[in-house]
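Read through the structure below, which is laid out as structure tokens, and then see the notes.
Order of writing sets the chain letters: A, B and C. Residues in each chain are counted from 1.
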Amino acid sequence: MKDLVLEEKLRELAGLQADLFNRDFLLTWEHSQAEIRAILLTAECLRTLYGAGRSLRLFDTGLAVSIFRDQSTRTRFSFASAAAALGLTLADLDEAKSQIAHGETVRETAVMIAFLADVIGIRDDIYLGEGNRTMREVASALQEGYERGLLPQRPAIINLQCDLDHPTQTLADLLHLESRFGGPAGLRGRKFVISWAYSPSYGKPLSVPQGLIGLLTRFGLDVTLAYPEGYDLLPDVVALAEKQAAASGGAFRISHDMAEAFDGAEIVYPKSWAPMQVARRRTELLKKADREGLLALERKCLEENARHKSWQCDEALMKRTAAGSALYMHCLPADISGVSCPQGEVSREVFERFRLETYREASWKPFIIAALIVLTRIPDSAASLRRLVEAAAPRIR
Amino acid sequence: MKDLVLEEKLRELAGLQADLFNRDFLLTWEHSQAEIRAILLTAECLRTLYGAGRSLRLFDTGLAVSIFRDQSTRTRFSFASAAAALGLTLADLDEAKSQIAHGETVRETAVMIAFLADVIGIRDDIYLGEGNRTMREVASALQEGYERGLLPQRPAIINLQCDLDHPTQTLADLLHLESRFGGPAGLRGRKFVISWAYSPSYGKPLSVPQGLIGLLTRFGLDVTLAYPEGYDLLPDVVALAEKQAAASGGAFRISHDMAEAFDGAEIVYPKSWAPMQVARRRTELLKKADREGLLALERKCLEENARHKSWQCDEALMKRTAAGSALYMHCLPADISGVSCPQGEVSREVFERFRLETYREASWKPFIIAALIVLTRIPDSAASLRRLVEAAAPRIR
Amino acid sequence: MKDLVLEEKLRELAGLQADLFNRDFLLTWEHSQAEIRAILLTAECLRTLYGAGRSLRLFDTGLAVSIFRDQSTRTRFSFASAAAALGLTLADLDEAKSQIAHGETVRETAVMIAFLADVIGIRDDIYLGEGNRTMREVASALQEGYERGLLPQRPAIINLQCDLDHPTQTLADLLHLESRFGGPAGLRGRKFVISWAYSPSYGKPLSVPQGLIGLLTRFGLDVTLAYPEGYDLLPDVVALAEKQAAASGGAFRISHDMAEAFDGAEIVYPKSWAPMQVARRRTELLKKADREGLLALERKCLEENARHKSWQCDEALMKRTAAGSALYMHCLPADISGVSCPQGEVSREVFERFRLETYREASWKPFIIAALIVLTRIPDSAASLRRLVEAAAPRIR
């Protein structure tokens, strides 16, 4: 296979100052530009090889553990697909079947499931202020176990969505944008809008909008965050986005008018989320198992949401975008008016027009996760990838 | 390994005009005789190789997805065993854990779980008029995804039991018959009876009896379908069985007298099912979640069933078969009188006499499923099988 | 890799008169000293190789089935880790999803899940008098299936905890002791105390204390079993421990005073269990699904337990041990006072001091299970291990 694009990517990868080996991947903003670049390049190489029918087996044997503290289909299968493609066996810690709990128990369980584990993927996005913290508790227990010789290797933790960030989603989104706009250079100055949108449900995590402003502002995009007053994100992440936009030569602003935000936009990402204050209150009530309080909160929030039903991405709004032809994005599943709910985040017409585009956006996720496994678990992953290319082993014999 | 029988089968396989590559396997009657033959031959070759301690790894890595919308042990493990033997990793879409729903959501989920999937096995047998239709909806979504470049390959859908057919069961049954009666030629003219039998439960799918008359009438057998008046199968499938029997030089008739049907039979398959009308009514009630209606229907059906308790396969009935020694078959688990229920489909004596035979019948299923995966997913599967034989790699090192 | 210790172990292993091939592993006391030695040596070799980054793939493909009739995290992941490391795919028989039941159904299901299985790990520890018996029922069905040609191989059953023994735990404990005290010779005469300890829960299985006295008395240790009057273990196992201690040159005695038992102890294993009589009564009530009876029994037992709150392993007790520095052991999770419960088996201070030691103890379990799979499923496993060492294939490429 003489694939010059692939060769170019491998060469760039080998030259990067990116060291993700023996590290976790918990928040995109904890990693350098070179590290983000390495992830995208590795994901692209893996996709090219897979598409050419090549085996991606970099592990002769090994174990990938998943922990899902919230429902998931897409991310669950992306993780399973990535692990399987690399040669890892899957084991899911189904908490209903097991004995996990909090505090010391988290640390103990972390070690018990990790004796022969290569990677642990965790989704923990329900409790604001808890998910990412728990991941760090697991990480510190693994680090201690590794340093004290209990674990023969340091399994990498991959954040499959927490209360703060959804890095495998936003990296897939970024790669989708690069593939649509001609690589990293094509993103500079692009008008990107992440907008709140109406949904008949409430309490969706903040991690996607926060993850998007926390990642895309680093690549020179002109990012607008739009939401009705009161639907704030965490101030720390907003401050970070502002700082990063300034440093990258991009822009970041907040709007409280969806239509105005869409004016001239080249990419729109309309998506519901719960206001930070609601997410905080909900976490308190969930911890106290206060069912009445939760029902009252839900009622109040749905009423509040209902005042913003006009925050729906429809063709009228899409006409206001640049040349009326902005790219529509979504992490799926979208609340589609007249399809999955009476009224939701996006009109049937807009969604149907971009349905396959959203699938393409999602199709990057297994390769992003595979890239994270490769980079965090293989010492000289560029060399391993190079050997994989040269071995040219077919996946199907 | 110089196995002349294996050589003979490989040669016959290579000469067949059977093209199952990149296709689904949803109903046996949608596939040509040559394709059915290719499946049986491939299953036999795989069984021979496995039995000789050879590795069947045809996939260096890969993913087999299963979706079970109904309970299953046998088929679940057959699918898992087949996938594992070929080198595929398993991922189960447990709908309780995931976000699958109907209509557009089925199509979207189909693509989301399929980005790196090689095969998707689906059991969806509860709703008459729905199961097979849903499989086709999944298939069409995958086809669209493949044609539009979203999926790097077209995963095959394998019907692990629907409302119409249970092809992996009936193909295992056919192979069991061939192995008992000297190959395909030995089946011509054999008197085969698929008979309704009493069960203390109600609402069992129609797929096994329909699948049997839809498959066996193509191979020259003399097929009798016996059931109490009112326990009809779908008219389309019955009409198909009549047509196929005429074309194959076999026979097909319906009897409403179990004893008469058993006269001179060489193979008997006594098995409970719900009348088509009941299955239809049940589907309507299930869709409306009408619990009272369902309870009333169950009561009425159990009363109706109880009028046919004499439809039990016992030694007296078995004596009426050819030389009193017909082969007893069942897809398992059977309702065995005095064992798994007070009175059921078969007496303890008859079942015990054939217990190991029914296990042997079941033992073909993993190899049938493996054959379907090989034929639908490997372009020149005969050549791949040949290489597998020649590599002679031991499964255990 | 010139590892002289590894070479020494391989040589000893090759010379042992141990034949575990095609056998089950249900109780340690059914196996010879040479067989126990072979398991420990194999586990150590596998750990050394894994730690050196070598692939342990002895199966090109294969299937490991697990059946958990009780909650489990540690053992579940140990089994999964062992299977994955050897190249086996995992399939869990989740009984909620399947159709397993009792009697004939157990035998039938055993065969149905075993057509292509290499090993079946079973945890069945809730019903005293049932768990081990069920494993033997599964074993006899598999044996019949194998002898009658239905199963191409005889899958090994590995006891992952039953009502009588917990062999993968106690073998891991034994290996931990050997690694701490200089091999088998270092264990002779060591004062080991397995003591009942208070727990706010009731009904914990007897399998760990029984398994410990049933195993450790064979290796010359000076074993004390301590418990409040009434908390008896099964008399058969106690009698066995007495006999074995006499034969091995060790000692075995029973004490009803925790403090006295700890005097001069070199190893202590404080662990709660239900009295045999309670476990028997509980089994009867569970079988009758007598919820009120169960609640009454629980109430009564918790009251009885509460009379023995002083049976807690704290620093005052630890001071009485040999040089005040006995090794603390536990199978985890421990009931830690002020951490996982208000008052429990062990004080926070003692547990924290030995926390990493208990993790190290647990870290042997995946390798014990892997060793059991290798020895029961590979005909000349010493030769296979030797080839693995010589191949020196890296686990990560």
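Quick note on the criterion: a residue touches a chain if its C-beta (ideal position, glycine included) is under 8 Å from a C-beta of that chain, and two chains touch if they have at least 3 such contacts.
Note that the structure is a prediction, hence the values are computed from the model and not measured.
For the pair chain A and chain B, the CA-based superposition corresponds to a rotation of 120 degrees in steps of 5. Residues touching across the chain B-chain C interface largely differ between the two copies, under half of the numbers being common to both. Each chain gets one centre point, the mean of its Cα atoms, and the points for chain B and chain C are 41 Å apart. Each of residues 57, 89-90 in chain C touches at least two other chains. Across the interface of their complex, chain B is touched by residues 50-51, 55-57, 68, 71-74, 76-78, 80-87, 89-90, 332-333, 336, 339-340, 355-356, 359-360, 362-363, 365-366, 393-397 of chain A. Across the complex, chain C meets chain B through its residues 57-63, 65, 88-91, 93, 97-101, 103-105, 108-109, 111-113, 115-117, 144-145, 148, 150-152, 377-378, 384, 387-388.
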